[in-house]
Amino acid sequence: MNLNALWEYANPKKFISTTDRVLPWVSVLSVTALAAGLIWGFFFTPEDYRQGSTVKIIYIHVPSALMAINAWLMMLVTSLIWIVRRHHVSALAARAAAPVGMVMTVIALLTGAIWGQPMWGTWWAWDPRLTSFLILFLFYLGYIALWEAIENDDTAADLTSILCLVGSVFALLSRYAVNFWNQGLHQGASMSLDKEEHVADVFYYPLLVSIAGFVLLFIALVLLRTRTEIRARRMRALLARERMG
Amino acid sequence: MIALLIRDLRLAMRAGGGFGLGLAFFLIVVVLVPFGVGPQSTLLSSIAPGILWLGALLACLLSLDRIFALDWEDGSLDLLATAPLPMEAIVTIKALAHWLTTGLPLVLAAPVFGLLLSLPEAGYKPLILSLFLGTPALSVIGTFGAALTVGLKRGGLLLSLLVLPLYVPTLIFGAEMARRGAAGLDVTTPLLMLAGITCGTIALLPFASAAVLRVNLR
Amino acid sequence: MPMGIKVSDLTIARGGIKVLEGLSFQLAAGQALVLRGPNGVGKTTLLRTIAGLQPPVSGRIESAVDTLVYAGHADGIKATLTVSENLKFWAQVFGNADISAALEAFELTPLSNRPAGALSAGQKRRLGLARLLVTGRDVWILDEPTVSLDVQAVEMFAAAIREHLRQGGSALIATHINLGLDEARILDVGPYRAKALEIDDFDGAFL
Amino acid sequence: MPDLGKYAETVLSAYAVSIALLIVLVTVSLWRAKRVKKQLEDVEMKAKRNG
């Protein structure tokens, strides 16, 4: 694949026309996969011998937690692209992804709390994983607030990109700090290449479908929201041009 | 560079410079805590390291927006940026001045406040050491936040929102060190981690702060 | 590299929108150039770009290393420091020590121990301009230097500029009033106002 | 409907909360997309008329 061709999509017009064609497909696929994964998981999987029917929450909890982190990683990559190559679409994509990532973080936290209540006997514990997600939520909040606070679009893109970079380093540091601070209740990662160790097949396959659904939903939402940001940006540019006379 | 440091310190000392503001805030926090949690000295002594660290952190936070805001308003920042000083040096000096006027007094006052919260005997040395090691990181990180929000009206709340998550690792290791020290445990691990964070932030973060400040001055 | 500034085919932007384009001029040692143009045309942006505070969109700005000094709308004066403390600070930043000549030139010597906050607006402005002398730089870039100066102070300022030019310095000044500097050239930046882009040009810059 | 046993409330509320949040997110995104598109068209029309 020609890498240079990829930068073509950094042109706003090209991006809009391409996503015009792609977005409907991604949307349909994401709804299908999400519905399939959740219905399969909710209706057609057995109960866990220890956790009972609460294990069904895994089909939302794990994918949303994964997407909460992946959304931040995506923002990190697009921020770097903006800093290095100054492609406007890249910065706007990061802006578009942040609220989606934040909602994913909230879903992961809420489902975790609801799940934790019967399993651990508490809604909230200062467990390293839970705490890390709470910190991640704060990072999303600050990032979005900074975008909203700055009027000049290029300045905002520059500042939020640097914040995203610095924030990533500190988020990692926090993760280690929190681990050191409290060894927790949470079970190990549910997903890993060595699946036998973690989740049985009956739970694993619907989980995979559900994860695919969340990934596709994320992509569809980011594409949609990036289009909105591009249009909003063009609108501001047109209005500014008008003011200049 | 030394001229800038001396000027900032002098400004902090003169009327309206805000020197001692953080210290007064620290005192208020420490005085209010017993009213909130009750006067039992066993309880107080167990939470003292955490409260002292938290109080120091909040006192630090309180004075962050002064780091650049005044120089921004009167145009000094533009003039400094065009002066023969690298921007990295300017932000480093600013952070150092902030630490000298806010962090260092907190470190020195901490033992007195420890008395008020019946900090155990063994806890004083680790507390002071942890604050001494950790507050520079708070100033440097805070300078980054202040540089991010320098051009904004009503940037104060945003500044706190941006800086607080960045403070988490420093707070965890700093408070952990003070707590372990008070409990008579080994403090080597948090000590090393805290020192690492402080060295890392001092070495790297000024570049980010300088980049951010340049963007904001455009 | 000659002293002074050489600007060629410069395009500058404010807030992401081009304001001036195709601007070229040269400022040699011993010369002064006065920029004219209506409010909002981009004089301040131009001066800030030349001073290095913001990057140009395109074009070149050439000048020798460490020869420029910029003075903006605000003077950067600290109200709680005395006049001489303010000046000494800037002198030290620029690697100089002596401030007496600068105090003398703007008749600030009797005020030198007064806190800058107690000065009148015009006196503050004079202090801001005295800062230029202590930097020891050759090329002065001045944005509306005569705001709040009385007639006498404007003459004082013109004399300082003349002396600076005589010593081989140069000055780039954006101002609306007549400084009485007959030797200064005048450049009206109005004709260089950037043309608005076609609205169908939906490209990287969104306009 | 599967028998969720004594944890029915837990599981159902987790699903309800999550799906509600996702629907809100999608709705807000779509609504804003539509509104901004409309606004941009208006501004473009005006800009074209004025040249």
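A, B, C and D label the chains in the order they appear, each numbered from 1.
The definition used in the following text is that a contact is a pair of C-beta atoms (placed from the backbone, for glycine too) under 8 Å apart; a residue touches a chain by one contact, two chains touch by 3 or more.
The structure presented is a predicted model; accordingly, all values stated were derived computationally and were not measured.
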(request) Consider the two chain pairs A-C and A-B; indicate the one with the greater count of contacting C-beta pairs. (result) A-B
(request) Going by C-alpha centroids, which chain is farthest from chain A? Tell me that one. (result) C
(message) Report the inter-centroid distance (CA atoms only) between chain A and chain B in whole Å.
(response) 32
(request) Provide the C-alpha centroid distance between chain A and chain C, rounded to the nearest whole angstrom. (result) 48
(message) Using Cα averages as centroids, what's the distance between chain A and chain D in whole Å?
(response) 16
(request) Report the inter-chain centroid distance for chain B and chain D in whole angstrom, where each centroid is the mean of the CA atoms. (result) 41
(message) Two or more other chains touching the same residue: where does that happen in chain D?
(response) 44, 47
(request) Hunt down the residues of chain A that sit against at least two other chains at once, touch-wise. (result) 234, 238, 241
(request) Indicate the residues of chain C shared as contacts by at least two other chains. (result) 199
(message) So in the complex, the part of chain C that touches chain B is made up of which residues?
(response) 48, 51-55, 66, 68-78, 80-81, 85, 88-90, 92-95, 131
(request) Note which residues of chain A are touching chain C in the complex, please. (result) 10-13, 87-88, 152-154, 230, 233-234, 237-238, 240-241, 244
(request) Please give the residue numbers of chain B that touch chain A in the complex, ascending. (result) 144, 148-149, 151-152, 155, 158, 161-162, 164-166, 168-169, 172-173, 176, 189-190, 193, 197, 205, 208, 211-212, 215-216, 218
(request) Name, in rising order, each residue of chain C that touches chain A in their complex. (result) 15-17, 19, 196-197, 199, 202-207
(request) Would you pull the chain B residues touching chain C in the complex into a rising list? (result) 2-4, 7, 10-11, 14-17, 71, 73-85, 217-218
